[in-house]
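Letters A, B, C and D name the chains as they come in the text, with residue numbers starting at 1 for each one.
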């Protein structure tokens, strides 16, 4: 005779970010939340009776909803608010809330570096084919909370995207450039190129990721005279607005769901 | 003076699946699509003029919309329909459509094995603490297109989930069970346990993942007499319905967006 | 005043495989092992005294050494042998041994399919550039225990590799082929191409991965008349022989360490 | 009649690092190299004749050997030396060398932060079970080139590891600590804990990873009075010495092969 032992249900990998806008300076909080509940759900297991089973989809929505007011630098505080809320649901006896915050590094009032897996790259090709020397960077993760628009695009029957003149823009830059000639100090040249890419991303207003890429490429070609051409790959790491009005709340437009897939896939080469 | 060279824009990692219902037998097509376009978008790069930039969000929606009629075993055909559609958009000169189909292996009229990374696991602990022998499986991916419901759950202000008596249910089973005593033939015992897990997943109607887990655990405890207890971890790999009515289409309820995150996180132990 | 609480030390992700040769039929056992020990190691933590700390490198070597005699279908038995061994080391009070076995699917007496993440791929390109229709497969993992040699290669001061006329050969096939014309039944054509790739990999004796690739490509071009050309990417997933003579043992040449990186990177295109 | 088209062979994901010791200040260069060659290897494909096929194992060894003299901040220079070397091999017509350098951030004369995926974590558990508030960090990657020994350990027939009083020590710290009481300013407490972990890792000489963990845990308990206990998980990310004497070279002991698997798996809890 089988008996139900320990059990829990919950939602894992709930990604949510929140923008805090000040007069001139923004904060950006970016976390992944896990909610695990225990409670009076024996009948759900044994008899398929769901009356005590808070849906995990509701847990996700609750995290989004609570983020608007409660997500900030105090991650333990946010976890505590969520824990207390879920413990208060009928039939819930215990709750565990895990919050993991990504460490965005501030670069400007509205610009952040995502760090992580960034690498400096180099390529040398010798022989009769396409010979030369390339340098580059991959995994250079950047996010800005101001200065990015996307509007004036064509619409057809499958277009739902609203126009926006102010959005969160994030990408993981891969850049590869060909040198001709190779600079004397390749490290100084690389640092200059990288610094220019970052500055232009954060300082220029752009009308699209394509426009952003062009502005960056044009500036870096000016900054590094030995660069003959540059190719940028700029995956658009979308931050989808969460519509809180569905929960009867006032939506301040500050809660986002970052998504890994699908992503906008933008690539361009700019030549001297 | 910088000049725009080769460039393209598109959408990558668009996951879409389609259910084809016959009288008694279902087919399930599960693909990841990439769309890459080239065209007359110099002004978008240089001047921020987006009038020729078909949004990548529209590309995604187009893939969902076209999937209802055109996604099937002929992946090249589906890619061709998409390619022709995008080539026909104003300002688009060339299109590349990549489609990668996951190879679900049919087990029954409505049941499929996802194969892949499945592993047989074993654990032995010796010493004064919790000693014993465990066996298990991880990465056992299963999906069924019939026999799964979720309704009768509590609702609060954050609940949007509709009730359903028929949904696509998919998970990657991790199971660990303790033997007492250890069977003479551990391979035969493991095969019996695995086979029972698969059969019960596909054959039993369930009212929730919790219910499904209980039914599987109860059956496997019966099938393998040396099993003292079993713990199941059943992440709910959601297949979100795509609402095609937003595109002015009739929605036949057969197009889904599989999502990796967040996921429902269900765990239970069942003892003899 | 700080006090040491619960602690353990061990080795994780120890990959080891073993070939069992019969007259005509081979078995191949492929596992990942984790060893975790507890014991009398307070002085190691607090005072840096390592006299009771069995090195994790020794744990790894022990797993390799024991695999020659004890690794087989009974994973629990292998874990038990290891657990008993480690419990018997001076200062060790408890041991946990986890073993996860990869499920290679037998195709022939010496051929196995690794399953997993295999996908069928399709690509359509339209427009003025390189237009056409491609099909393919990725993640098709194959391993054979006979019929692969590598000898007669040039040697220089950095060459240590011994010549061999019989090795374990494993790869994850990525194949892409262009159709001209596109076959009426793309699924039948794909199945024929895939089946031919698998058969040739397992049945042909090859002198290198390059040779193996050529033989496969030539055969698949014959089997599918609509195929104009095929490109194969064949990463060589090395299985390094573990030298057991270092432990004073007789080495039967059947224990291997599979490594993920680096890997041999072979690519070729074959045209009609 | 099949014809060989474009083809290349090479080695991917060759990881190599090099330590540059100055009087008091070390540099650490850490790269992943890919070598791809083209040449006169038609007979290898078609007829299994390997006389022009430089083994990919030799390519790997060449990268290790060249790293001792040539790996430094100028990645393009290192790639160029390798490219020229391979182009000079008999039968090789063209070579591509890709080098990707990991960006270790200097913290001290011999200490580096690996950045990347670091996250701040928080956990709240409410209900009748183990209730409380935890904070932590995961993915805090640190590497030091001085101040780490491992000697005096027990030896048995499977022990090959040499004793060392100076090794490269690297880990990705996961720390979780319980607060009692919860500090008023959780962010300040977290920053203090993280800073102390980093400082102790780099400044304390340790006799093992266990000893290193104890020293870090003890210090952080002192630094943060609200911390009741802390659990550290310290995977030992091994840097294996490459033996260059096998190539007839003088080995300066500065070239290492970083390996992902297997890894030493160290965990400890320290209580107040």
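In the analysis below, contacts are C-beta pairs under 8 Å (C-beta built on N, C-alpha and C of every residue); 3 or more make two chains touch, one makes a residue touch a chain.
Owing to the predicted nature of the structure, the values given are computational and were not obtained by experimental measurement.
Hopping across touching chains, the smallest step count from subunit B to subunit D is 2.
Taking the CA centroid of subunit B as reference, the farthest chain centroid is that of D. Each chain gets one centre point, the mean of its Cα atoms, and the points for subunit B and subunit C are 27 Å apart.
Note: centroid distance subunit A to subunit C, computed from Cα atoms, is 35 Å.
Once the centre of each chain is set as its mean CA position, subunit C and subunit D turn out to be 23 Å apart. Of all residues in subunit C, none touches 2 or more other chains. Contact residues on subunit A toward subunit B in their complex (touch as defined above): 1-15, 34, 36, 41, 44-58, 60-62, 65, 89-91, 150-161, 206-208, 210-211, 213-214, 217-218, 221-222, 229, 231, 235-236, 246-248, 260-272.
Those residues of subunit D lying in contact with subunit A across their complex are 38, 73-80, 82-84, 87, 93-103, 115-129, 133, 135, 138, 179, 182, 186-187.
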